[in-house]
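Below, subunit A partners subunit B and then partners subunit C, in two separate complexes.
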Partner chain A sequence: MPKCTINGKEVEVKDGTTIIEAMYGKDGEWPEGKVAHYCWHPGLSVAGVCRLCMVEIEGNPRLQIACNTMVTEGMKINNTSEKVKDAAKWGLDFHLINHPLDCPICDQAGECGLQDQYMEFGKYNPEMAEKKVKKHKVVDLGPTVVLDTERCILCSRCVRFTDEVSKTNELGIFNRGDRSEIGTFDGVPLDNKYSLNTVDICPVGALTSKDFRFRQRVWYLKDAETVCNGCSTGCNVKVYFNREGFFRVKPAYNPDVNGYWMCDEGRDLYKFVNRENRWLKAKKRTYNGIEEMMPGAAAKDASFAVKSLGDSVALVLTGQYSVEEYESIVSTFANDLKSKRIYHWISNPEKANDFDGLLLRGDKNPNTKGLQQVLQKHGVNTNWADLLSAISSGAIQTVVVAGPENQAVYADMKDKIRDLSKAKNLIWLQTGRNHDLEALTGNVWLIPMKSYVEKDGTFVNHAGLAQKFKKTTTVVSEALTLTEASDLLAGKQLVIKPETNVFVESEKPADRVTVEHRKKNEFVFRRGTL
Partner chain B sequence: METKLLTEFYHLDEFRTLAGYKKHGGYETLKKALKMQPQQITDEVKASGLRGRGGAGFPTGMKWGFLPKNNEPRYLLCNADEGEPGTFKDRLMMERAPHQLIEGMIISGYAIGSKKGYIYIRGEYFYPISVVQEALKEAYAAGLLGKNIMGSGLDFDLDVYSGAGAYICGEETGMISSLEGLKGQPKLKPPFPAVQGYLRKPTIVNNVETLAAVVPIIKDGAAAYKKFGTEKSAGTKLFSLSGNVVRPGNYEVNLAYPLKDLIYGLGGGMRPGRKLKAVIPGGSSAPVLTAEEAERATMDYECLAGMGSMLGSGAVIVIDDSQCMVDMLGVLTHFYHHESCGQCTPCREGTGWLNKVVHSILEGRGRLQDIELLLKVADNMKGRTICALSDAAALPVLSFVTKFRDEFEFYVREGRSKVRGVRHAEMHH
Partner chain C sequence: MSVVQKNTSEASKWYLPGIMTGMGITFRHLVSNLVDNLTGKKKMITLNYPEEKHEYSPRFKGNHVLTVKKDGSLRCTACMLCATNCPAECITIVASEHEDPTVEKYPVKYEIDILRCVFCGFCEEACPVDAVRMGPEWQTPGLNGANFNYGIEHLAYRPQLKGGIATHVDDEERHKAGI
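Coming up: the complex of A and B.
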């Protein structure tokens, strides 16, 4: 455990710690002052090529790079001297002399490493008066990523990512000197399940996501941390949103779960949260036709088919809701309604234990473990075949289904709808639209649910790690959580929470639309972390 | 006077064949070395004061001493990627005496405990490559390489690897990358090659001349070798004399040989009517000396370092008063811009920047502040990168601009060369 002095303050670090790691702090707080850097990334190997993280070490006449210098006992490190500042200034200027400075049309503007670090360490009097090097502007690297080689500062982070993390080796640096360009080999595009991480770690706007580019300026986006609901890994993610909806998902650092990365699949999950893919109102279908109503009203309306039928009511649960919701709905059904017919809808059971070695798991539910724990706690032990036979025998009259949020991974959706709709009454609780459900005939209630970004809760991941997540924003304010739905279905008085006060009015005419009032100027400028 | 320790028989065509080499005492030293302990050889080399002849001048014995003391496999690499502009001594050595190099390598390999060596030869050196390959065949056939060399039980294999034309592969870690089949880019240090080099195994990289010099050191002993040169710059060295002299060529002299004797004596002096203006004493990366400095300089590591330049690879480029220094700097900045590997930002961007500024001046678009800018940019490229190419690009700029500032200022003000009277572009028409 060597002790060193950083800017006059004594710090003790673990053996084998580099200077930049010692200065980085736990999660990038830079407690002893920030060190300028581009190529160094805590999740990748050391390249030592940007030459920005120069620090002064007492007794060494030459500046040393902090990323490749180990801390030794008694080392005296300084990064506030004029010499160090000058090195960073010129280092940044070298980065910028051939950079196109097309910030007004660049997607990275607002969260750009060049912008941020130039503000902090820059020289402010550019002296480059020569023509800049011209390179390729729109290089299609693969299905997810576009490259602008002029913006690239050749930090090699993306190359090291494909080399070390995804281990797919699609990217390389071609040519040499200031003609160097990132590129792929002919016929081998950047196409792997983690490709968009290269966009995250790109400190400039060279790599942009095809999905996100040109869709929003980042200063119009707010971000919030939550837990990805794409699979049972439970990666910690940041979702970016504004009043127009959600626009992207990026990984948030958690050493116990996902480190610095996430998969490309998880990045698409913001889409089913947005209004265009959601049920905004409940639909009640009877033999008289379709009636649109407020979700709360629909749940109350459907309660007659639930509350007094006892054991002829079945509950079907998918692994995409929070532990708290499971707890309340299962206890409501088991204790209040005295129904032991609670079933776990397992999609793709044969793939449930698949794992690609990095993050992606075959179980596409974020909370299968949580659901199992709750079912076990309440002594529920049922199997799917019983449900089907009980429906066909008429022993079950009402089926309440908590459908999946991410329907794309439920390949058996159609089959299950067909099977379950054989019951006399079907109450389907779900976030997103589904044409098969909307086309059903008979007594059907389709009730919109809140998505995972709109509620507080807990997911238990594949390893049994319980992760709490917080509500980030509201997309469909009228939608219900599973807890609220179960209370209403059981005929209980709804416990009104401040953010769910729309339900007070839910008994008023169904065509009344409640508009959620937001604060104006809610967009705060967030400096992107590099 | 030349001191022909290595080049004594270079004038004989037969010296490049095994038979001819043996006739003049070849492989006798190997026999002697095989009777010594490896550590004795290393000690002898250490005592001889032999310093790396490739450019850096690092003491060879000390370099060998950095190897870990264990039985890990290790490699001996010969750096024959002679790319430093002005240098052509390794070519001569490989063409005229390939067996000298092979003998030196077997002895050195024995000393450091290596069983495998490579000779990394510059790709453009087609002829030297073929000569060395031919010599390797002969040596293998005669049992001088391979298993159980000369019945001593020593195994040593040697191969030729041809470079692909990058100057940067002359840098030792760049060469190792290239040899590993990677893009020829220098590696981050630490770890140093002696600890983790070729294929992440301990590796020693030495220049052709360094390895060849091991032969006379072992043959006559360190004390005999130390008689040449000075205490800190011992032995002889080949100097590649080029530029505006009457008799350019390779000359082997003892270190600390006066530069003026090299130019005016062995080199035959200036062309009639011309005066010495400047000398680049150690390859294009070495800071230039003015005529006045060149008169005083002796060709050893200390004297040239004391003058702010370096001995480098021993390539002496003589510049007379018909040359325009701005023009010459344009050639050099173009070279370094073309050869920067592009890994480290200061070098990748800086070499291009310097080249553009110098060419702006050459094309008559120069601004007076450009001269100051050249100094600033070069100053900030120095000592900021993984390898020394950035320094190598910056040092000529710094020395040319400081020592011949009047020529640069004239060029900027008048838009033409002070020496030639015309602009660079007009000169070529």
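Coming up: the complex of A and C.
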């Protein structure tokens, strides 16, 4: 455990720690002051090509790069001296020699490493009189990524990513000198399940995502952290949104779950959250035809088909809701409605344990474990075949279904809708639109639900790790959570339940003024009668 | 508060002399203006408004114009700096990928809600490529139901512009100069 001094402060680090790692802090908070860098990334190997992370080490006549110098006992490191600042400044000038200043049409503008570091370390007047080297622009690298080689500063982060993390080795640096370019071999597209991580780690706008390209400027977007609901890994993600909807998803660092990365599939999951793919009004279908109403009113309206029917009401749950919601609806069914017919809809049981070795899992539900735990807690042990036979025998009259948010991964959606619609009354709670459901005949209530970014909750991932997430924004304000729907279906009024908010601890002191006490205080008591 | 006593004297009831004095001034100006105009001594100050219009200087910040390139296509690169800078939030831009890789990004929709616009000229100032300017045109009345959401067709190619206003910025030249 060598001890070193960084900017006059003594720090003890592990053996084999580089200077930049010692200065990076736990999660990039740079407690000892920021070090300019492009090529170094905490999740990748050291390349040492950008030459920007220069620090001064006492006793060493020249500046050293922080990313490839190990901390040794008694090392005295300084990165605040004029010499260091000068090195970063003119290092940046060399990076920008051939950079095209595309900022107005560059998607990275606003979150660009070059812009940020120019404002922090640069602020020089460029002294290059030479013409810029022209390279390839708008290179189609594959189905997800577009490359602009002029903007590239050859930090090689993306090359190292395909080499070390995705292990697909598509990218490389071609040519020499100032004609060097990132590229792929002819006919080999950048096409792997993690390709969009290269866009995230690109410090400039050289790699841009086809999906996000030109859709928004980043300064119009807000971000919020949540948990991905794409599969049972439960990656920590940042969603980017504004009042027009959600636009992209990026990974958030969590060493216990996903590290710095996420898969490309998860990045598409903002789409079903957006308004155009959502049910906005509830639909009630009876023999009179379709009636549109507000979701809460529809849930109240449907409650007559649920209340006081006892065991002839069945509940079907998918693994895409939070633990708190399961707890609420299962206890409502088990305790208030006295129905033990609660079923778990498993979409692809044969693939449930698939794993690709990095992040992607076959179980496409974020909270299968959580649902199982809740069902186990309430002693529910049922199987799907019972449900089907009970529906066909007429023992079940009403089926309440908490449908999936991400319908794309539910390949059996059509079959299940057909099976379940044989019941007399079908109450389907779901976020997204579905044409098969809208085409159903018979007594059907289609009630819009809130999606995973619109509510607080907990997901339990494949390893049993419970991750809490907070509401990010509201897309469909009228939609219900499963908790609200269960209350309304059971005929109860909606109330704010402070104990269900697991994130805000109740710090309210008890009211010390009792009613008797108030009565003695004439002024307080009489004030109410004025 | 100042309290002014109403003049209730007998003399004040005779209003005709006052009116005559006023009319006299009017007639004096009418005659002198007519004489001046006919003899060419001085130009008439007033305009016959709907037929004659006052021309503002070219620097006047009136209705917006989107400039065009030499080939007539839009100069705008849809960088959205004007929309970002706009204090009235009256500019709506939807960007898209151009089939020509040298253009790369262009606006498929560029709308200015002229009724929200405060004519501050910040859009013009923010534009890095001289794509949006404010012209001398300022009288744009409309009947009921007229469209005041000006789109690309109006902003760049309205008949008054006679095929569009070209900018002095030329992409080809910039590219050759290594910018």
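Basically, the second predicted complex is superposed on the first by the 494 of 530 C-alpha atoms of A that agree within 3 Å, B and C clash if a C-alpha of one lies under 4 Å from a C-alpha of the other, contacts with A are read in each partner's own complex, and residues count from 1 in each chain.
Definition applied: contacts are C-beta pairs under 8 Å (C-beta built on N, C-alpha and C of every residue); 3 or more make two chains touch, one makes a residue touch a chain.
Bear in mind the structure is a predicted one, so any value in this text is a computation, not a measurement.
Applying the stated contact rule after C-alpha superposition, one finds that A:Pro104 touches subunit C and leaves subunit B untouched.
After overlaying the two complexes on the shared chain, residue contacts for A:Phe355 are found with neither subunit B nor subunit C.
In the superposition on chain A, contact of A:Trp384 is made with neither subunit B nor subunit C. Of the two partner chains, subunit C is the only one touched by A:Arg217; subunit B is not.
Of the two partners subunit B and subunit C, more residues of subunit A are touched by B.
Of the two partner chains placed by superposition, subunit B and subunit C are both touched by A:Lys131. Common to the subunit B and subunit C contact sets on subunit A are residues 130-131. Here subunit A touches subunit C in the complex through residues 101, 103-105, 109, 130-132, 134, 137-138, 213-215, 217, 219-220, going by the rule given at the top.
By the touch criterion stated above, subunit B contacts subunit A in their complex at residues 166, 168, 183, 188, 190, 337-346, 348-353, 356-357, 360, 367, 369-370, 373, 376, 380, 383-386.
Here subunit C touches subunit A in the complex through residues 77-81, 84, 95-97, 101-102, 104-105, 128-129, 175, 177-179, going by the rule given at the top. In the complex of the two chains, the subunit A residues touching subunit B come out as 46-52, 54, 62-63, 68, 86-87, 90-91, 94-95, 97-98, 127-131, 133, 153-154, 172-173, 175-180.
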